[in-house]
Amino acid sequence: MNPRYQGIIPPMITPLSGRDTLDSAGLERLVERLIRGGVSGIFALGTTGEAPSLSYRLRRELIEQTCRLAAGRVPVLVGITDTSLVESAALAAHAATCGADAVVTSAPFYFPAGQPELREFIEELLPELELPLMLYNMPALTKTSFSAEVVEWALDQESIVGLKDSSGDLVYFRRMRRLAASQRPDWSFLVGPEELLAESVLLGGHGGINGGANLHPALYVALYEAARSGDLQLARDLSARVMDLSESIYRVGRHGSAIIKGLKCSLSILGVCDDFMAAPFHRFHPTERETIRARLHELGICE
Amino acid sequence: MNPRYQGIIPPMITPLSGRDTLDSAGLERLVERLIRGGVSGIFALGTTGEAPSLSYRLRRELIEQTCRLAAGRVPVLVGITDTSLVESAALAAHAATCGADAVVTSAPFYFPAGQPELREFIEELLPELELPLMLYNMPALTKTSFSAEVVEWALDQESIVGLKDSSGDLVYFRRMRRLAASQRPDWSFLVGPEELLAESVLLGGHGGINGGANLHPALYVALYEAARSGDLQLARDLSARVMDLSESIYRVGRHGSAIIKGLKCSLSILGVCDDFMAAPFHRFHPTERETIRARLHELGICE
Amino acid sequence: MNPRYQGIIPPMITPLSGRDTLDSAGLERLVERLIRGGVSGIFALGTTGEAPSLSYRLRRELIEQTCRLAAGRVPVLVGITDTSLVESAALAAHAATCGADAVVTSAPFYFPAGQPELREFIEELLPELELPLMLYNMPALTKTSFSAEVVEWALDQESIVGLKDSSGDLVYFRRMRRLAASQRPDWSFLVGPEELLAESVLLGGHGGINGGANLHPALYVALYEAARSGDLQLARDLSARVMDLSESIYRVGRHGSAIIKGLKCSLSILGVCDDFMAAPFHRFHPTERETIRARLHELGICE
Amino acid sequence: MNPRYQGIIPPMITPLSGRDTLDSAGLERLVERLIRGGVSGIFALGTTGEAPSLSYRLRRELIEQTCRLAAGRVPVLVGITDTSLVESAALAAHAATCGADAVVTSAPFYFPAGQPELREFIEELLPELELPLMLYNMPALTKTSFSAEVVEWALDQESIVGLKDSSGDLVYFRRMRRLAASQRPDWSFLVGPEELLAESVLLGGHGGINGGANLHPALYVALYEAARSGDLQLARDLSARVMDLSESIYRVGRHGSAIIKGLKCSLSILGVCDDFMAAPFHRFHPTERETIRARLHELGICE
């Protein structure tokens, strides 16, 4: 029995053309680009998708359009992370209606949940869900990590199918994978930070939900394949290219928003979609945009 | 020119009778209790009100009912803190329609905003608001504090009317008040932690948005008056009573939710309203409830 | 029975003329200045004294000279905070030999001690000490706070005589004072941040160990007296002056070292002592020094 | 030109038989055990060696004995991390006299150093050192990380020869290694957490300073060799054994001290050395010791 999700599942940026307006043409180009790049799925409404910054109306529209555009060629996973269980469940129901493949939730992130509270939250959410659920560990933004005890409980829930770990802590990632080893060979363990994709897959992880795959999906897919097949030298080379991309594109702005800004700016330069950002963020200024353009050129990504 | 808001403005707990159901009868009893207790306003949909855990539908219903019940006897302030500016603005418009007096916002709290991003977020929000805005500093839950630079900018915005500080850091509170001193005598500086109400008002603060005022509004109003009028001995005595309440009622559970749980449980014991809590929290178990009951008795609050 | 220590006990800066050289003449002038300013004691080798940055040889020399210079006119308290219990005990023995009045310790600060470990550390240290011990809560630098449980244990130890709290968290300060209230009227509760001196003393604290008292001891002594005697208006006025000093002198540099740098630079400008600093810090550059000089002038401290 | 240090260099625990007494016989057995296990060096007085908890007298004794026992068979690296530059330099001089091969320093750890202050601290320390210096990144305990800017400066200092990274953040590790790539092929990049040894070496790291190598040096050496030579399957298997050891031995106590306690307890059970610990820690109680014994048995380490 294999993990349900393997390979590269980009946390799709959300193309916007205004405060509450989807860039639909951009979204179509982006989805085609990802699928053409060989991704194993699309994760809509994650952190990179600026999900918490979007209105619920726009989130629902994005789910509909993404599912329609993917058209069953790759599974669509939908982020339903919210501070309100009622809103999480409503979004999950909408995702099911639209034909999504699974939903993904992190911890409720205003109040820092204690571990029993976190388990109970998931426990209460489960019966509301028609789709399988993937857990999403993102302690830097949710203030809490899924503990070993909660993950052990989750392993007993048939409808929970995996863990995306964006903690950046590979020790945690390996500990959780070790817990699941014999009991749930169908669980997927996917890593968030793309700089750790090679390492995690070489040691038995199942793939990555990596922001950079928005920009250059084929590179991340190739790196995943190299690591999965044990081609160490190729994995090293491609991983070095991912590091180059990361150091070039994600370090232009000063704030935590630099990664998403860099991705959106790059996709805008490449003509894929608009780089409008939801508050509290803003697109790069022209000088920063020129820096990004020059770096894309150096990386051989920009024509 | 006096501060717009002075005195005790309880951050009202949200009486619930189910996951997405308001306890309307309880809400009516609670609002009457607060007004009878002499409060200077009601702050709906704050942290103590579990706002981020509620559906938007329920938030709108709460705003309507609270404004209707207050009926102009005291001003109603409405929390519109959100991760999405669009949803914040929509809630603010609803509050204006319902007759609220002001809206209150903290920082967007999923992505930790850099200071320029925080300022821009408020700057973009302002033109969307019909009502005056109070800032709400809550770094433990929003990951960011309103810096001196942002507060200095806010002092130049006519429609921003004050700062509620729940950081627990009185040095910060005094620094911000000092910035405003000559420029904006109309700004209100209100303190969150009730254990600091006496100290802050003695040194020139304007009042408190204190959770315990849900339970015993008259005590907090009396303490505010004692401190405001410089009756040091009375302020000390009443402040000691507030400490007793805090140590008795807020320390029963293990998690961060202990304060809200203690308040809701107490109000339920007093027959004011239901103690149902929104996920990820749950009401106290019977043994904890008995502990609260005994402590209310010791405090002389319970009959 | 009164608290052993009341009033202002400056955490004395350590005058240095080189990496491992005491500025003895400066130390003499500083000690005289403090005593003339009306302080109730001198706390040598605290955080403001850069204690952890000094060699043990220099620390011993400083203890000797300070005790000799104070000459019994005011009690000398000696910081023995260390990561090594053996070195703490050795320093305490030296302090006793030199005629110090008490020793002061925070938590061992490399390994973050769990609460039972913290209690055991103090428990093991106590029999090594000839002098009374004051606890020093400094969680920002030691990674751990003395919990209510540990303070309750400490209240049962006759040779522990008080708590200096530099957490900046007045809720904590009041909770600890409340624990001691009936059991140990002889305990001293002293507050670290000078911006909270008025508030804490008005509500029953016993004084302050405030850095600014190095620079202007009489101001802090007067503020303490005003607050202690309940002269609210005077306390407000003097507290505003302390805020002015704090905002002027402690905000020149960018790093955590700005407070100590500002104090040493000011004392150097006033001709009291050298402003050499122990690594990892350095004295201000000439332009920053001129800023400090101008601000001292505005504050009316500099001639 | 090859990195100066490659392979496994255990951060040696410090065998103690009392508060200020070295267990000399135990130290001799431990050093022999490590060298027999194939290690590439010994790192004395690191975090695992409880260095900050030891008196300076004992630290000097440990340096002497370790250098004498190693007798040039493997290089000895000596931790000189301190809050006082003067004491750091004195310890480094002693290490040079005793025949150590290099010294290792982290950031001064009481005051959180700003990055310019951190660079200046190292810059001032360098001329005091006769031996090469390795940087030791340990932000969880020193409150500060060596930034990319400081590492870039360090790459220009001939006498600095590498970086040990105990942050647990492999993204950081790879970013720093990338900075050094072309400029300093002689630098060693060694990883602290043993759970990341396989990953880091597979992607080009040079080895590990892993606590578990005190207990089972041959396992870590074999894992290093497997990863270095690209034997992926063997690296996975041995890495799984390291995870088993880590999950078995390091999780018995509740506090941060659990790792060192588990190691010392295990070595005591194996008859290597005493498990006395320096304050603020204490050896395991008998029941915890029996748990460790059973787990060593399961791991096949205990006879």
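Each chain gets a letter, A, B, C and D, in the order it is written, and its residues are counted from 1.
The rule we apply is simple: contacts are C-beta pairs under 8 Å (C-beta built on N, C-alpha and C of every residue); 3 or more make two chains touch, one makes a residue touch a chain.
Keep in mind that what you see is a predicted model, and the values were worked out from it rather than measured.
Peer 1: Quick check for the class: compute each chain's Cα centroid; which one is farthest from the centroid of chain B?
Peer 2: D
Peer 1: Centre to centre, by mean C-alpha position, how many angstrom separate chain A and chain C?
Peer 2: Distance between chain centres, rounded to whole Å: 50 Å.
Peer 1: Chain B to chain C: how many Å between their CA centres?
Peer 2: The separation of the two C-alpha centroids amounts to 36 Å.
Peer 1: Quick check on chain B: which residues sit in contact with 2+ other chains?
Peer 2: None at all.
Peer 1: How is the touch graph of the chains shaped: line, ring, star, complete or other?
Peer 2: Graph shape, chains as nodes and touching pairs as edges: a ring.
Peer 1: If you go through all the chains, which pairs of them touch?
Peer 2: In this structure, the chains touch in these pairs: A-B, A-D, B-C, C-D.
Peer 1: Spell out the part of chain A that touches chain B in their complex, as residue ranges.
Peer 2: Where chain A meets chain B, its residues are 19-20, 47, 52-56, 58, 83-87, 90, 107-114, 116-118, 120-121, 124-125, 141, 254-257, 278-282.
Peer 1: Report the residues of chain A in contact with chain D in the complex, numbered from low to high.
Peer 2: 168-171, 174-175, 178, 193, 195-196, 198-200, 202-204, 230, 232-233, 236, 239-240, 243, 247
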